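Several structures are given next for inspection.
Heads up, the next two complexes both have chain A, just with different partners, chain B and then chain C.
Let's turn to the complex of A and B:
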């Protein structure tokens, strides 16, 4: 499949605009990035992936530094070519694509569990890995002990307090 | 009147290699009518942990995601870092990476097959499979110094090299192992006890396999070839097309088909190792020990023994990843279990589970 062909297939259907970037890995295998301006267009891309007999390999989420915005990247495969679809959400919701591509099932459930981003319309509400006693979006909230300890020495809090005492 | 039985397996059970919890419902004929699988017993928060460690430390941490495919994690992670850093790995290092990976594949797949024969209560076949695997374990111990974690990879290349003596040892080992493997392959294909327990059991039809997005021997057992070494070749597979495996595809989609697809992988791995050591490229084994990792993003894949392994890495120019995400084959193969188990006998459940060669430590991270 040619990436240009796929781009032409989604071009007229994406309503709110997007950026299309072609990339290659270290061994010249082609891949592409579709960066959506509006997260609601994710279903359009998912339908095109399905039409090309593709699958969702996995999805990645992360919280943008210093913002209350999450970035979600779906990694699709069509006959050996990776297509990454990137979107952003500022209200902790995305439109689930599992009903279009069942291969996205666990990936979307994990995003809900780890980042508290709700995939609206996902058929499965159960927890995947974490116990129910642990809050949703735990990766947004908790910091590890090592980070906390480093955090103390990273800042000047302790140093300033010692200086204040000394003066 | 239909009587429903509720059966639980796990989370800890002698027939399970790792912890997982099955809640099954079965009718009076012991046929499974409902499946619920509960995960999370081995979740370690590793994706969070890797963002607290530097790039060198993560090479060690990724090797400990899992034991059976431990080599694939640092290998794929290194590919992601090298893509961001724009580093071209020396050809000799690419060859060394492929050798380590294929040795690991043989040992991993043979372990799964011996567990399968164990569950089929065919202990003679299990013993012979394990004994054959021992040669590969010994080889790993002699060359890489460890029977599981080989520590073969480093950023920009490999930590180990092969001299003439070690290459001779590899060839000697393969000479001893290959006839045993061919004999085992014939027995797995035709042995009546093994066939009785595996043929027609845990069927995953082609259409379901496509929809769920399974990979590796599970996909190949249902007639789908999405082997990354063929579809998006990397490392030495990209430079030498003749190294790409001739994959074994089976149409049956049952436990037996998956076992035989795995056997195809094992024999191709032996052929690949022979081809690589017969024509080792000269040169360095790495570029630089501590490369600078600029800001960037990479999505890379390799073919682990169980199927496609994908890594996403995002960096910001500091010493640690901003985000690192990986997905192992079992993550998607797991959903296929429900299709395989529903309508089959309760007695076959652990056998069906084993046939996807589940790696729960990898899946839950």
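Let's turn to the complex of A and C:
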């Protein structure tokens, strides 16, 4: 499949506009980026991927710095070609595509529990792997590795005991 | 008094399974003498009197541990196996970790290591049995127990407890920065630096020794990591790195270490270079020598 061919297939169906970019990785494998203006168009792209017998490899998300906006990126694969679909949400909801592409099931559930972004219409409401005692969206809080290493919370408590007993 | 039969029940509270694999090795390989302890592995926590716990206690496993503890009958002994069970090790401060286990259960013996050698696990269980005997005799605070298996040894290349050669150290804090489990802390007082290695937090990765620019910190092949709970915070390697007084201006300064000088000046006379003079005075001396 050529990337241009896929772009033509979705062009007329995406209602609110999008940006299409072609890319290459370090091994010269072609890939494409579809950056949606409206998150509701995700279902259209998912249907096109299904029509080409593609699958969802994984989806990633992050919270944009300083604002209440999440960026979600779905990574699709059609016969070895990667197509990335990027969308943004300001109300912590996205339209689930699991009913179109079952391969997105775990990825969308993961986004729900790690970032608190609800995939509307997802068939499974249960947690994927985090314990119920851990709040939803735990990765929204940015904890730098250095802060973790150089000490807050438990590390401080334990080292206070060490410093008291070992001199 | 009837001879006590130690009955082991093992709980994994979210361990990476490294400790559990070593535990299996301890159980099945004859040379670790576990059979000489006459222990029995039970499949119901109700029958156990020696609880072996691995893992840093993840949020998911907390309720399972609590549930198991309610079924235990006193007296019982808890042996924490692995650095994670003692201090959460590299997983400390993660959002999914509720440990270490001594927040929820009175631990008696700690076996640090990542994972501990089977020899250490065997020693930990042997010490656990001694503590159990003490508890049956009505002792509240366990007495110090000497090493039980003295015939164990490790190859010279084994990465065991870290040690520091204070003469070589300049307190540059590289080891503290690269340590993934915050086992090293360097503080400063009026006389110099205080370098602490907390063995119960160490994951024995050797990062500190690898990155140390002067070769001051090094791993020994000692795996003597089995300690009673009251030694948990005191099993620390404390070294003092003292300032020198500048013979020129009298200011206190950190002298360059032997290790650093021997790397920087291969052919020069190190004693001459290591004259007790601070870096500020050395610059002035050099300036005078070159331009004065």
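One rule holds for everything that comes next: the second predicted complex is superposed on the first by the 141 of 167 C-alpha atoms of A that agree within 3 Å, B and C clash if a C-alpha of one lies under 4 Å from a C-alpha of the other, contacts with A are read in each partner's own complex, and residues count from 1 in each chain.
Operating definition for what follows: contacts are C-beta pairs under 8 Å (C-beta built on N, C-alpha and C of every residue); 3 or more make two chains touch, one makes a residue touch a chain.
In this text the structure is predicted, and so the values were computed from the model without any measurement.
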Taking the superposition as given, does A:75 touch the first partner, chain B, the second, chain C, both, or neither? first
Who does A:56 touch here: chain B (first), chain C (second), both, or neither? first
Looking at the overlay, does A:120 come into contact with chain B only (first), chain C only (second), both, or neither? neither
So in the superposed three-chain picture, is A:164 touching just chain B, just chain C, both, or none of them (first/second/both/neither)? second
Kindly classify A:133 by the partners it touches after superposition: chain B alone (first), chain C alone (second), both, or neither? second
Give the label of whichever partner, chain B or chain C, reaches more residues of chain A. B
Chain A residues touched by both chain B and chain C? 130-131
Interface with chain B, chain A side, in the complex: residues 25-29, 31, 53, 55-58, 60, 62, 65, 73, 75, 77, 79-82, 84, 101-103, 105-107, 114, 127-131, 139, 142, 144, 146-147
Using the touch definition up top, name the residues of chain C that touch chain A in the complex. 58-60, 62, 87-88, 92-93, 95-97, 100, 177, 179-180, 182, 185, 196, 198, 201, 232-236, 238
Note which residues of chain B are touching chain A in the complex, please. 39-40, 43, 47-49, 52, 79, 82-83, 88-89, 210-213, 226, 228, 230-235, 238-239, 298-301, 308, 310, 312, 314, 322-323, 325, 327, 331-332, 334-335, 364
Which chain A residues qualify as touching chain C in the complex? 130-131, 133-134, 138, 148-155, 158-159, 161-167
